[in-house]
Amino acid sequence: MKLRAKAALAILAAAVLSTPAQAADPVRIGMVLPLTGPTAGYGKDGKLGAEMAAAEINEAGGILGGRQIELVYEDEKGTPQDGVAAVQKLMTRERVKAIIAGMNSSITLAESAITKNRILHVNPGAQADAITGQGSPWLFQINNTASTNATIFHSYLIDEMKPKAIAVMGENTEFNKAVLENLEHIAKDRGEEIAEIATYDGATTDFTSIITRLKATGADMIYVIDAYPARTAQIWKQIRQQGGFPMEAHAVGTVQRSAIVPAEGAMEGVITADIFIAEGATGDMAEFIDKFQQANGVAPNKVVLVVYEAVKVVAAAMDKAGTDSDYAKISDTLRAETWTTPRGEIAFDEKGRAKAPYFYIHKVTGEDVSLLDTFEVK
Amino acid sequence: MDLLLQTLINGLILGAGYALVAVGLTVIFGTLHIVNFAHGAFFALGAYATLLLEEAGFPYLLAIPAAVLCVAAIGWALETTIVRRALYDQGEHGSIIVTFALSQAIVAAIILTVGPDPLPVPSPFGQAAVSAGGFFLSAQRLFIAAASVAVLLGFSVWLRRTVKGQQILAVSQNARGALYSGINVPLIRSLSFLLGISAAGLAGALIGPMISAFPTMGDANVIVAFTVVILGGLGSIGGAMLGALVIGLGNALFETYVSVSWTPALGWILVILVLLLRPQGLMGRAQLDRH
Amino acid sequence: MTDITESAPGPRARGGSASLRGAGLMALGIAAVLAAGFGLDGDPFLLNLAGYTCGFALFALSVNVMLGGLGEVPLGHCMFYGLGAYAPAMTMHHLGLPYEAGVVIGMVVAAALAAPIGWLTLHLTGAYFSIVSWGLSGVAMVTALNLDVTGGPLGLFGFSRLAVGPFDLSQPATYFFVAAAVLLAVLALLYHIRSSRFGRAMEAIRQGPHLARSLGIDVFRERLKALVLSAPIAALAGALSLPYTQIVTPEVMSVLRTVDALLAALIGGVGLIFGPAVGAVIFTILPQFLDLDPNVKVLVFSLLIILVMVAAPGGLHQLWKAAAARLTHARKGDAS
C-alpha cells in the first residue's frame, strides 16, 4: 500500500510540475458508462464513440502541447449507487482530470452531486432539466434538455398532427416525469385533452392490459415514453397486435436501431424526434458517419455521437484554456467559445446546456428513421 | 362489458404464458428442493438458441424443439459438473447462491458472445393478430397459450402414466422411501433437473418472439414465475397452472381497472395473503417442516 | 452439515476461556482496523470503500443472524437495509433533523416493523419464508418508487451534513474508523448473544426445530426475537452506506443487495461470528483489483463463487480446516 501511495504521489507531483516541455504524461479522462446490466447496449455504443474521438485527438498530436488523451472506463451498471461509486473511484483513485458521465437521468443526478465543485463533469446523453438546473458551475451537457426537446416535439405533435386526445404510457423514471410535465403544460396551453397517463414499473413483463386500458379511452394518439430498447420493441409489438392507434409517437431521443430492429416492423410509421439523423447528412456529419462506419462496420447512432462530442469538447476546452485542472478557467472557456462538432457549431449557456443547432422530427421507416421535418433551435 | 371481456381474455392468455415459465421452477423444486435462480438465464438461452438456429436456416417450428435440446444439453453439462456436486441435499442456502451465480455467469457470457442489444426472434405468426367481434388476440400469444396447455397436460399425463414419471413423483414425495424401494434416485434427480431446464428453454423459445431476445430477458419473467409457483404451492404442477391463472387474471384486471403503477406489488400481496391462510400455497402439500 | 458450525456452546466451565478468546479476537479486530486505517492513508477511495465495506459487513452479519442462526434465507432483508438508508435521508430532507437522529429513528422503525412482519411470516420455513420475505421487499420497493416523500424514482440525494457528533463522515478516514468501530461493537454484541441462553436456543432450533420444541423452547418466539434483533442491525448498515453512496433510491431495496450479503456470509462461513465480515471484505475489495472487462469480471467472479460452493460449501475456512486436518493426519501416520 505504501508503495502504491508513493507511486500515486509521484504521479500527482509529475502532473503538478508538468510543463509543455515534459509532455509525456497523458491527460486522463474518466468515462462512466453502463457496461453491464440491462442498458449495456448504450455503454457499448458510447465506448465506440469515445474511442474514435480519443484516437482522432491523439493522431492530431494530443492537447496542451503534445499530451495524449487517455480514457479510463468505469461501469455504472445502470444503478445510481454504482454510478456514484464509479465517479468516486475515477476521481480519487484513477486521478482523472474530467468526468464524462450521463446516459440515464436519475444516475446522472446522483453522480453530479459528487462532481459538483470538485471536477469538470460533462453529461453526454441524459436529458432531465434537473441535472443542469442545480447550478453546478463545472457541469456541462451535450444533449438538449428534456424540456427543450419536448417543447418542440410536443408542439409538433399537437399543432401539426392535431389529435383529439392523447393516451400516454411510460416507465416510472425521472426522464418520464420531466417529459410528462412538459406535455401536460403544453397540452393545457393548447386546450388539448390527455385521455390517460399510465406509468408502469421497470419490472413489468406485459403491456397488453395497459394498452387495452388506453384504447378504451378512445384516444386517437398513443405516446410512449421509454428509453429501454428491448421494452420499446415489446410495447410497440403489443400495440400493433391490438390494432394500433391512428397516430403513434415515441419520446424524443430514445428510438434507435437497437429498438427498431427487434420490433420487427411494429414501429413502422411511429413519429419521434432527435438531435441527430444519419439520412441526408452533409459536411462534417457525413464525414463522421463514414469514418465511424468504416472503423466499426455499423452506422453510428445518437449515443455514439454525443459521447464522441463530449470527449472532443473536453479536450478542445482544456487545450484552449491551457490547463487540465483549473476548472474555473476551463468552464469560462467552455461558456465563452463556440465548439465545432459534426452537428455544426454548439455553444453552452450559463447553466452549461448546449443547444443543438437543429432538431429533427423522425418517422420510423424500415430498420431506421427517416426525416420528416427539421427545426432550427433558437 | 367489451373492456371486461378483452381484459379477461388478456389475463387468461397471459396466465398461460406464466404457467409455462413457472412449471420448470416447480418441477425442480418438487424433486430437488432447489430454488433455481438461474431459471431466467435458461429462459434467455432458449430464446437465443431459437434465434441462432433460425439464422442457421431452421424454420421456427423446428427451431423450438431443437433449441430445447440445446438448452437441455447445456443444462446436462452444468448438472454433471456443478449442480450435482454443489446442490443436492444442501438445502436452500447453497442452491440460492450457486444458481444465482450461474445466472450471472450465463448473462455475462451472452453479453460477451452475442452482445447486449436486443435481437428479434422471428416467428411465422409475426405481428399478426386475430380480431373477432372487436377483440384482439395476437397469433403468437394464441400459439403460446395452446402450446402451454398442451405441454402442461402432456407433462401431467406423462408423470402419472409412465414409470419414469411415477418415479419422479415418488422421489418428490419421499426421496428416502424411493431409494429404499429401489428407485435410482440420482438418475431421477438429474432427469428432473433436465426437465425443468428444458421447460425454461421452451418458454424462452415461445415467448422470445413477443419480447425479443436480450441478456436479462429472464429477470422480470422469473420474478412473476416465483410468485406464481409460491401461490400455487411449490412442487405442484396443478398449483403452478392455477397460480398462473390467478396472477394473470389479477394483473390484467388490476392494470385495466385500478392502477398500472402499483401492479408489481399485486402479485406479492396475493402471495402473502394466500400463504397466511394456506401456508402450503393453493395446491401444495401440507409438509413444510423439512428443517 | 453440522461440521460447519464452530459454536459448540460447551459447558459453563469453558465460559472463561471463551470470553478470553472473544477478547483476543476483538483485539485482533481492532489491530486489523488500525492497520487498515493507517495503511490506506492517502488513498481516499480505498478508505471510503473500506468504510462502506464495514457497513456492508454489518448487513452480512444481520443476514447471518437469520442464515447462520436460524437456517433461513431472508431474501427480503434488503427492505430493512433500505429503510435504514431512507430514514436519515428522509428526516434530514423533510424534517431537518441531524443524521444521527435519522439513524436511530430508522433502527427503531426497523425493529418495530420486524415484529409484525415476523409474526406474519415466521410461521413459514424454507423456500416459502425466503420468497415471501423477498415479496415484502418487492412491495416496499414499489412503495418507495410511487411515493413523493421518498423522492419517487429519483430518490433522495445532496445531503448537507453526514456526521456523528464531532466526527465528519465525509472525511474518508473518519468514515472508515466510525464504521469500523460500529462493526466491532456489533460483533461484540453478537458474540455475547451467541453464548447467552437465546443464542443456544437458536442453535438448538437450527439443528432441529422438533427437538428444540420438545425441550421446551418456544421456537416461534425465538425466531421472532432473531428477526427483531437483526432488523435494526440491517437498518444501521443501510444508514452507514450513505456517506459512500451519497444517494438513496428505490434500487437500494433490490434483492441483489441481500444476495450480495448472503454470498459474503457463505464465503466467509455462516458458522463463524466474524465469517460474514471477512466475506464482505473479500467480496467488495477484491473486484476493485481485478482489472478486467466488466462482463469478464462478472463471469470470473461468478465462476469463483460456484467453485467455492462446490469445494467448500461451509465457507472458505473449510478449505483451511481440511488442509489442517490432512496435515495432522499425516503427522499421526508418521508417529505410528
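As written, the chains take the letters A, B and C, and residue 1 is the first residue of each chain.
Here is the rule we use: a residue touches a chain if its C-beta (ideal position, glycine included) is under 8 Å from a C-beta of that chain, and two chains touch if they have at least 3 such contacts.
What you see is a predicted model; the values in this text were computed from it and never measured.
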Of all other chains, the one whose Cα centre sits farthest from chain B: A
Chain pair with more C-beta contacts, A-C versus B-C: B-C
Whole-Å separation of chain centres (CA-atom averages), chain A against chain C: 38
Distance from the mean Cα position of chain C to that of chain B, given in whole angstrom: 32
Chain C residues counted as touching two or more neighbouring chains: 142, 145-146, 293, 295, 298
Residue list for chain A, restricted to those that touch at least two other chains: 36, 40, 172, 201
Shared interface positions of chain B, touching two or more other chains: 108, 111, 223, 261, 264
Residues of chain B defined as touching chain C within the complex: 29, 33, 35, 82, 85-86, 90-94, 96-98, 100-102, 104-105, 107-109, 111-112, 223, 226-227, 230, 234, 261-262, 264-265, 267-269, 271-272, 275-276, 279-281, 288-291
Chain A partner contacts - residues on chain C that touch it in the complex: 39-46, 48, 142, 145-146, 152-155, 157-158, 244-247, 249, 251-252, 254, 288, 293-295, 298
In the complex, chain C residues that touch chain B: 1, 67, 71, 73, 75, 120-121, 123-128, 130-132, 134-136, 138-139, 142-143, 145-146, 209-210, 259, 262-263, 266, 270, 293, 295-296, 298-299, 301-303, 305-306, 309-310, 313
Chain A-facing residues of chain B, complex: 3, 6-7, 10-11, 13-14, 17, 108, 111, 115-120, 122, 126-127, 129, 131, 136, 138, 141, 210-217, 219-221, 223-224, 251-253, 255-256, 260-261, 263-264
Sites on chain A touched by chain C in the complex: 1-2, 4-5, 8-9, 35-36, 40, 75, 77, 79-81, 84-85, 88-89, 91-93, 106, 109-110, 113-114, 130, 134, 172-174, 176-177, 201
